[in-house]
Amino acid sequence: MNAADFVPLLRGLVWTVALTGGAFLIGAVLGVPLLAARQSRLWPVRFLAMTVIQIVRAIPPILWLFIIFFGLGMSVMPINPFNAALMGLGLIAAANMAEIYRGAVASIHHGQWEASAALDLGRWSTFRDIVAPQAFRVALPSAASYLIGLMKETAVASTIGVAELAYQGNQLSQLTFRGLEVFALVGLFYVLLSLPIAWLSRVADGYLRAKVAR
Amino acid sequence: EDCTPKHQFSTIEAGTLTVAVTTFVPHSFVDDSGNMKGIDGDIAAEFAKRECLKVKAIAVDPAAAIQYVLSGQADITTGDWYRTAERAKVMSLSAPLYTDQMGIYSKEGFKNVSDLEGKQVGTVQGYLWVADLKAMLGGSLKLYPNSVNMQQDLSSGRIDVAVDGYSTGVVAAQKGALGDVKVNVAAPDDRVKATKEAAQAAFPYALSAKEFGVALDAAITDMHADGTIVTILKSYGLDGTAAETGAPRLVE
Amino acid sequence: MMPASDNVLIRLTSLSKHYGSHTVLDGIDLEVRSGEVLAIIGPSGSGKSTLLRCINYLEPPDGGTISIGSMTIDAARPVGRPELSGLRRRVGMVFQSFNLFPHMSVLRNVSLAQERTLGRSRAEAGERSMQLLKRVGLADKAGQFPVRCSGGQQQRIAIARALALDPEIMLFDEPTSALDPELGLEVLAVMRELAESGMTMIVVTHEMGFAENVSDTVMIMADGNIIEKGPSKDVMRNPREERTKRFLRAVHDR
Amino acid sequence: MMPASDNVLIRLTSLSKHYGSHTVLDGIDLEVRSGEVLAIIGPSGSGKSTLLRCINYLEPPDGGTISIGSMTIDAARPVGRPELSGLRRRVGMVFQSFNLFPHMSVLRNVSLAQERTLGRSRAEAGERSMQLLKRVGLADKAGQFPVRCSGGQQQRIAIARALALDPEIMLFDEPTSALDPELGLEVLAVMRELAESGMTMIVVTHEMGFAENVSDTVMIMADGNIIEKGPSKDVMRNPREERTKRFLRAVHDR
Amino acid sequence: MFPTQDEIAAWLPDLLGGLSISLQVTALSLAIGIPFGLVLALGVLAKSRFLKGLSLFLVEVGRGAPALVLLQFIYFGLPTTGLTLGSFSAAVIALAWNTGAYTSEIIRASLQSVAHGQREAAEALGLNRFDELRYVLLPQGLRVALPALLGFSILIFQGTSLCFTIALPELVSRAYEIGSTTFRYFPALLAAGVLYAAISIPAALLVNHVERRAGLYAQR
């Protein structure tokens, strides 16, 4: 292996980061309405949301990509591999984030809800001003953990033609016939990407904890 | 630029040959600059050139490659796809490009199927001999997703013998990846049909693309006649004999 | 002290609440005059907190009516958002465990609802909040987070927060029982000052001094019923009911 | 009442504890005789809880010594597991918030430590636990989960749990302050009975009745120091120190 | 798009064989990985710098590195040090490490969520560290951790598809094999997906139920 071999890996890295970031963003945003539906007072809505979450999580990601890329892409509108991967992984992330949010919201002391109701803050303000900021801190470590997992999950996008890090690694290993070294390098890249996430989440958690502690 | 296509046919994207490229060295891969390469890749590129088409290569997984063509998002896929009767039910298969023989990789230099008995044997998913070997060897056959993984296990000693495409082995040996492992073409044996007649590699394309298929087959026949395929095979370090495919046939 | 039944601000009629088969409020009838301070005492589980929480619909009652001034809510019918909102703005509430928002500064705790529910501007709300913090003696804590404040300070902030919506009635649910004697005293002082300013208050408490000296009326609850109710001195010194006597004895014996 | 300095069971010498630069215990010297009941009172933050928690090493002190009978622990040196375990068996502790194990039955709450630390068999521990639950009047709750019990019952279970290790000394940290008057009374009755049976007890409390009538000695703390200490009647009725007077006045004024 | 009835009949034995391998690997990885996660969680919370550092290293590598890479290392890398493992053991070790790293964070958070007073009460009763963990903290913490642990278990179950790179013929690889001989990749993968769902969804419902049951003590 030589320096030139790094170039495709770095190019793959860019796709991995874009896909991870995009899917996580979709998940983090879509997770909110999904959670709202999951907690709805109307049981059909609640039941539907629960079913969606369970099914999305139960089916392997590769199948989602196939369904979206080939199924949806063929029958509804053409869609490029990257967008299909983004949609599929975003969907999965949304289901998982909704569950992470649910745990975080459940951990908020019920006195906070009561105080908000007594102050007539309304649903939206209660969510935005009271619940979300406190739940955010609780959700942070799990969300960071999930983000790291998601980053590795993006490797499935290579099956439908997104030349991300795992694809480049696989390619390089076949061209050089050197499985172990290449995978060591790819693994190192993933770890290097995950460390700042892990570190940031630990720092942010510590900071937020310190802010509300004595 | 003046260019007259030899045939009239349509492709998925007008003026472009869209190819789903699996990563399968030396048959098929996409290089650093995004060009389709490998034996299959070079042949497909030559076809595109002769028909005045630009090439759009998409690197994908084998499962997705087939789906790409089935769902009308690629014209063909490359990757040492063998012509079999079963596959022909789902997709059209082009005229044979070259033959790929079953290779036996071992330190001892085994040539015969009978040498595999009682050994730990590894092979790669997707080859024609997999079913026969499985029937013959049962639990002592290990299946791998690609050659690299298998070769690693061969060198670590987890398997004693590997069975893989002969051409793949030749190229790996040239790159020095096999060490003291020798690669031989398997001698014909009744228990493994693939040893008796070499498999023919082809380009799968959509069943509905009739005119496209005619043009593709014609181009392949021309390339056999004018020595293009031999040249391509030699450029990957193989001897030209693999280009002598004989008549098209479908393995049952 | 005002003449009876004159100028009634809160009127509850046969207010009831059940949890499953367990009756927590057994048809409560109650009138509180404007400016009156009512102390509710009674053993644990008698339904005191539930009564308060039903009054501002934190817990929807199962039956009966709640009138505040000219507005009446019938518990038997579904209550719309505007009605609820109207009710809660007129009624402020202070909890035993303060329930301040831990992730906001003290000032923001007091300002938030003014901005969100009264639509005051940030500057306006901030100014009013500072006034209220001064009134409870905590102007210097405005920039702190609540955890940095002692329990007594937190409870005074909670009072300021509830006052920020300019309620006509204040409900207190054991506001001092989580506090040590000296800290409780500073909260009681604020409450006394509030009572003297003419605020209508309903206070669930075990502070006998407050019940006897600050409140106008004392009401004893047991098992979801009002057992006894009357001018505070009378009830505290000469209870009529056996249950009341027993309870007051327990309080004094400790 | 016993003669002074006779038969000392607990002796603390210059016990100190800091959190960062904040001194919480400022060199406490204290002797408690066997059978003595000591009440500690004082404002919030004065270090009462910290003192109790240092005595059984829930919070390791920074300096000074703790002697229980013939056993002495020097806080300046690291303390081994066996020493710690010896200390904790001789000292039982009851918390303000009960801290029962919510996922275990009442009986198991009382039995667990007997089985795990005294090595009693399940049957033996169960039998002893039932005795103790009878003693606190709760034999019928043995099979319940703690949440099904009222606060007063929970605290009595917590007392039974602490007694199960047959401690020589019991520490109580505001055992009744989370309880309403009547429920507090039933806990105080159990504590009074315990005191009469000759148990050595240190009780942090704001229950003036208990301090005056049950305890032998009262000690007032402020800012990590002992301000005043003496026979309970003397201290409660005729405090010498200004700070004590102020605190006792606050308690009575409520 | 969908497999025909004949196809299902023809593929099912093969797929079920793969499913059984996936399940075995998952079960063993969880059985080893979750206790390992507990050890790592305790290590991260430990006072000793060395223990804390080592645990953090194992956690961050275990969750940062793709399972695929861990797999490659344990299977192909270890033989160079003289330790040769079979596919199955290598897969279990790699996934157990992955599981341990992930679940340690979940378990750590859940242990920290147990009310502080519980720890104090246990200490005051003279329970030793192990008993405190075994009888007081874990039973209460695990109830909090259960949903997250389940979510992760499903990921590991799906993650077993990576084991094919080290020649372990689990469910997805069987679907691929069917696809490569018949070119019916999509229907084969769909069938595999349904089998995954057929395990994960009932598992999720079961855990939901257990969660509610386990929470009963907290209700009046």
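General observations
Should a chain be cited, it is by its letter among A, B, C, D and E, assigned in written order, with residues numbered from 1 in that chain.
The working rule: a residue touches a chain if its C-beta (ideal position, glycine included) is under 8 Å from a C-beta of that chain, and two chains touch if they have at least 3 such contacts.
Model, not experiment: these values are computed from the prediction.
The chains touching subunit D as well as subunit E do not exist; no chain touches both.
Of all chains, B has its CA centroid at the greatest distance from the CA centroid of subunit D.
Chain pair with the most C-beta contact pairs: A-E.
Chain centres here are Cα averages; for subunit B and subunit E they lie 37 Å apart.
Each chain gets one centre point, the mean of its Cα atoms, and the points for subunit C and subunit E are 51 Å apart.
Mean C-alpha position of subunit A lies 45 Å from that of subunit C.
Per-chain Cα centroids separate subunit B from subunit C by 82 Å. In subunit E, the positions touching at least two other chains are 76, 186, 189. Among the residues of subunit A, those touching two or more other chains are numbered 66, 70, 179-180.
Among the residues of subunit B, those in touch with two or more other chains are 63-64, 67, 70, 149, 152. Pairwise chain contacts present here: A-B, A-C, A-E, B-E, C-D, D-E [touch as defined].
Per the touch definition, subunit D reaches subunit C in the complex via residues 43-45, 150-152, 176-177, 179-185, 188, 206-210, 247, 250-251, 253-254.
Here subunit A touches subunit C in the complex through residues 109, 111-112, 114-115, 117-122, 125, 129-130, 133-134, 137, 211-214, going by the rule given at the top. On subunit B, the positions that touch subunit A within their shared complex are 20, 23-25, 29-30, 32, 58-61, 63-64, 67-68, 70-73, 146-149, 151-152, 172, 175, 177. The touching residues of subunit A, counted against subunit E in their complex, run 54-55, 57-63, 66, 70-71, 96, 99, 103, 107, 141-142, 145, 148-149, 152, 155, 166, 179-180, 183-184, 186-187, 190-191, 193-195, 198. The residues of subunit E lying in touch with subunit A in their complex are 1, 60-61, 63-70, 72-73, 76-77, 102, 105-106, 109, 113, 147-148, 151, 154-155, 158, 161, 172, 186, 189-190, 192-193, 196-197, 200-201, 204-205.
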